[in-house]
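Input: one structure, supplied below.
First chain written, first letter: the chains are A, B and C, and each begins at residue 1.
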Amino acid sequence: MKRLAKGALVLMTMSSMVWLSACGSESKATTTGTAAELGTLDPANPTKVTFYSYSLAYPTMKAGMEQLIKEFNDTVGKEKGVVVEGVADSTMQQYKADISAGKEVDVVQHTFSTLDSSRLSLGFKAYDDIFPKDELDEHLKGISSNALELGKIDGKMYGLAFTFSTPIVFINGKLFEDAGLDPSKPPKTWDEIKADSLQIKSKTGKDGFGLAPNNGWVTEGLILSNGGQVLAKDRKSADFGSDASIAAISMWKDLYHNGGSAPGSDAELMEQFMAGNLGMYVSSTSLHSGMKKASEAGGWKLYGAALPQFGDTPSVPVNSGSVLAVRPSDPVKTAAVWEFVKFVTGDRGYTIITSQIGYLPLRTELADDPNGLKDFVEQNPLYRINLDQLTRIQPVAIWPGDNATEMAKVFTDAIVKSVMADDDVKSTLTAAQNEINGMMP
Amino acid sequence: MNHRSPIQSFARHGMLILLCILAVFPLYWMVNSSLKNESEIFTSSFFPHKPTFGNYTYAFTEMPIVRMAFNSFGVSIMMTLLQLATSLLAAYALVRWRFRGKGLVFSILSLTWLIPFQSIMIPNYVLVNDLGLNDTLLGIVLPFSVSTFAILSLYQSFQSFPSVLIEAAQIDGMSDWSILTRLIIPNTRSTIASLGILQFINAWNEYLWPMLISKSMNHAPLQIGLRLFVNSDTNMWGSLMAATTVSCLPILLIYLILRRQIVDSFVRFGIK
Amino acid sequence: MSQSLDNTIAPSLSRGSIIVRRRLSAKKLRRFKPYLYLLPAVALLSIWMYRPLLYTFYLAFQKWSMVPGTSPVFVGFDNFEHLFHNKSFIDSIGNTIFYTVGLLPFSILIPMILAVVTDRMESKSKNFYRAMFFIPMILAPVSVSAIWRWLFHPSNGLVNYLLVKLHLIKEPIAYFSDPSFAKWIILLITGWKMIGFSTIMFSAALTGINREYYEAASQDGAGSFRQFVHITIPLLSPMIIFMLTMSILFSSQWTFAYIDMLTTGGPYGSSTNIYYEMYRFAFSSLNVGLSSAAALLFFVVFGVIALGLNMLSRKFAFYDN
């Protein structure tokens, strides 16, 4: 007792010391080049660029991403004097930690929802500010304009669409046939999904359908497909408490509680599907190469379907995937980064990304280009579904301000709770919406 | 002693054995799964029918396990030695002399029990960053170079050291330093050793701080490397269990050899 | 702890004047010596414990994202206000209490019974049981989490397989993504790890108890249950209070690793605790102020609890003999 009191005294006396030292800490502001000028690269003395990528950390995508980096280093990089070093970032936390550790983090494969908060707090730069305008405009030609819009905040491009996919329904052909269904005529609406799922379950004993409540992004497609929205148009408030959103989530809740949707996290459902124990699984096409391998190993055929719709209204998928966010520290670095960005989002880059990993070719004409992906798309008809969806796509919510990560979490938590718990969907969503609005900048 | 019927004794042992099984079964299941091949891993058979080391080969090629094991040993040994060194000196000073501010020192030591690591992690993280020690083994070790728990534990055992011996040594003209290094340490080595074992195990099992500091498998202790593996790989349960088995082995081996001392030191010192 | 060996030398009787002079300078040195020996420990404690603690208190009133080149901005009590509007933080307080209370059977009740049951066995089987119970304690949290995650795997885990086979459940359960199971499993794993340690602690305390109490009691005709209630529990009370203190102060830290490895606090924050939220605020949301405000708040709360337990242990101290 006495000891604790004494200890408290020590604390107080020491506090003044720390206060002083804390106040004395200087800010190490880095100077930023404001003009869109590029430095000169020197092939004899190559510039190192770090590239933080979550794809590098996933077994299904690792090889393709490594190939992309290697090919750049061996061709353009060698010629111009740039060496890219890939850093695997499985949790998408490392670039944050390394930036706060003062390391050089030049290019980040960044997800959409927290781009605004990264821009504000982690020093990412706008493409329009650092790259030459004419070169930028030239490069962006041919990239789906829908996709380009997604990385823009307040009119400036903070991320260039990079790996990109829409949600599709992966289908296990064998379970479909065992249940007496035709996998080449897959369900189109949510009502059909429910009917087919329950039929698979009663006929085969295996789960018919899976969409993990914590998936994070397909959810947004669900809300948009039913005419709701997640964020208001002006991005100043959350707007997922509307009747349309509530109806969409309630449909899902019904599916979940009536055995139409298997329980488990996204990772667990994916394992279940790949093990051949799940009839349908909604996820990103980026998993395609892994799913295909699993189906071949398991002796069943993989089919696909578009994101299901509500009634007669076509569904509105959102994109999953990433943009390239950049933060070069000087003009030479800027030039090096620009070379890398041009390569990986160019024709060759997208050919590798699509054929080796499974993301969409954002230069859509590549799909019909015999030198590009024509053969590949013909062999993998799933990609047609995806390319079709690209025309209806809407951006995933980019939560505004410093609290973006927290907002994204509140949203996801509220969805999970609405779907899984017995609580009322409306009150759960409204409470979350109010909480998020309280965090708005 | 008490007269118990055989039935009662049987029931008693039965219950205890059941609890023992509960305690070690997860370990058995880990080893069992690690030896199963791809087609068997998803079945619930209690023995691998065709034991294979394929999972181990995969784990060793996917992760720098040997390197990580060295990291773990390095970090744990450094932490243990630093903690022992600082606490031997401090405990000696506290037992040996009366001086102004002694009460204050005790307050400083006792109060650390109330400081959870989560409430000091941010400034320590910032400091380790500023020192350029992020993603290094030294960065993991430094904040754990002193342990008040070790100081107080040694203080208690030094107190029971016969003061007559110290007085006699002093009359013989031994310096204060020699009294510590040539009289007290040699005579309390078993205590120091068991404290060392305890601190080693604690260091080996440390979670939050190494997780914050380690960024790459090459600079990560075994546990944290395993965490990266768990979080990145899916559906590789066989090799995951193989890697987990490898990560448990060193500690289990030490326990097998030093069981008595380990249990004794936990009893003697408790845990922090 | 309060008494220490008094080793300041008694002045010797028959020594020359030179020695007296030498002793004068030696005396001066001696005054500094204790501090010299304490210096490494105290300096390191100041750098790695007290400086950061005070800095955290300072940060509780700042807004900062830890990014180099930016500096903290003073925001007054904003962080505390945000904290109390943060639903996941409010929920985490409830869970913290859940874990703290839920762990008590594992750290006190079950181990006490196990210690008593094994106490009078012959030493060979006694040591065997205790050694087995102890194994989970020495395993690292990451390994333990990996194993349990596999055991509780929804579609391929052994637990679901057995439960379905025994017709106890109809459908496999996704334990870690089901809010009604997630925190229970985390509690179970933490408890599983604790039992061995606590059992050994209680066993050690039991060996110190004088057997004559029991003999006297059995002569008076007291059955073993009554002996347990009237003799064992009172005599063990110092140890009970000690384990109670440990359990309450540390349970949130013991559960931390399992929360991070198995559920990351989910689903919808139903398995998180305050320490995990502090970690999340700091290293996921990069909101240092919020994390520090929570740290400051709970430093005070746990301080008050510790004081209370300290007083409680004094009250029971007379059993400690």
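The rule we apply is simple: a contact is a pair of C-beta atoms (placed from the backbone, for glycine too) under 8 Å apart; a residue touches a chain by one contact, two chains touch by 3 or more.
Source: prediction; values computed, not measured.
S.K.: Think of each chain as a node with edges to the chains it touches; is that a line, ring, star, complete or other?
M.R.: Topology of touching chains reads as complete, every chain touching all others.
S.K.: Most contacts: which chain pair?
M.R.: Going pair by pair, the biggest contact count turns up for B-C.
S.K.: Using CA atom averages as chain centres, what separation in Å is found between chain B and chain C?
M.R.: Roughly 15 Å, centre to centre.
S.K.: In angstrom, rounded to a whole number, how far apart do the mean CA points of chain A and chain B lie?
M.R.: 39
S.K.: Residues touching two or more other chains, restricted to chain C: which are they?
M.R.: 50-51, 53, 55, 66, 68, 153, 156, 283, 303, 306
S.K.: Would you mind listing the residues of chain A that make contact with two or more other chains?
M.R.: 4, 10-11, 97, 100-102, 271, 275
S.K.: Mark out which residues of chain B touch at least two other chains, giving numbers and ranges.
M.R.: Where chain B meets two or more other chains at a single residue, that happens at 42, 106, 108, 114, 129, 212.
S.K.: Mind pulling up the chain C residues that touch chain B in the complex?
M.R.: So the residues of chain C in touch with chain B come to 1, 3-9, 30-31, 33-38, 40-42, 44-45, 47-53, 55-56, 59, 66, 68, 114, 117-118, 120, 125, 129-151, 153, 156, 158, 161-162, 192, 195-197, 200-201, 203-204, 218, 224, 242, 246, 249, 252-253, 256-257, 260-261, 275, 278-279, 282-283, 288, 291-292, 295-296, 298-299, 302-303, 306.
S.K.: Could you please specify the touching residues of chain B with respect to chain A in the complex?
M.R.: Touch list, chain B to chain A: 42, 103-104, 106-108, 110-111, 114, 129, 134-135, 212, 215, 228, 231-236.
S.K.: What part of chain C is in contact with chain A in the complex they form?
M.R.: Counting only chain C, the residues touching chain A are 46, 50-51, 53-55, 57-58, 65-72, 82, 85-88, 153-156, 171, 173-174, 176-179, 266-269, 283-287, 303, 306-307, 310-311.
S.K.: Can you list the chain B residues touching chain C in their complex?
M.R.: For chain B paired with chain C, touching residues are 1-2, 12-13, 15-16, 19-20, 22-24, 26-27, 29-30, 33, 41-42, 44, 85-87, 89-90, 92-99, 102, 105-106, 108-109, 112-127, 129, 142-146, 148, 151-152, 155-156, 159, 161, 163, 166-167, 170, 176, 201, 204-205, 207-208, 211-212, 223-224, 226-227, 230, 237, 240-241, 244, 247-248, 251-252, 255, 259, 262-263, 266-267, 270-271.
S.K.: Enumerate the contact residues on chain A facing chain C in the complex.
M.R.: Per the stated touch rule, the residues are 1, 4, 10-11, 14-15, 17-19, 22, 25-30, 93, 96-97, 99-102, 121-123, 212-214, 259, 263-265, 268, 271-272, 275, 277, 402-403, 405-406, 409-410, 412-414, 416-417, 420-421, 431-432, 435, 438-439.
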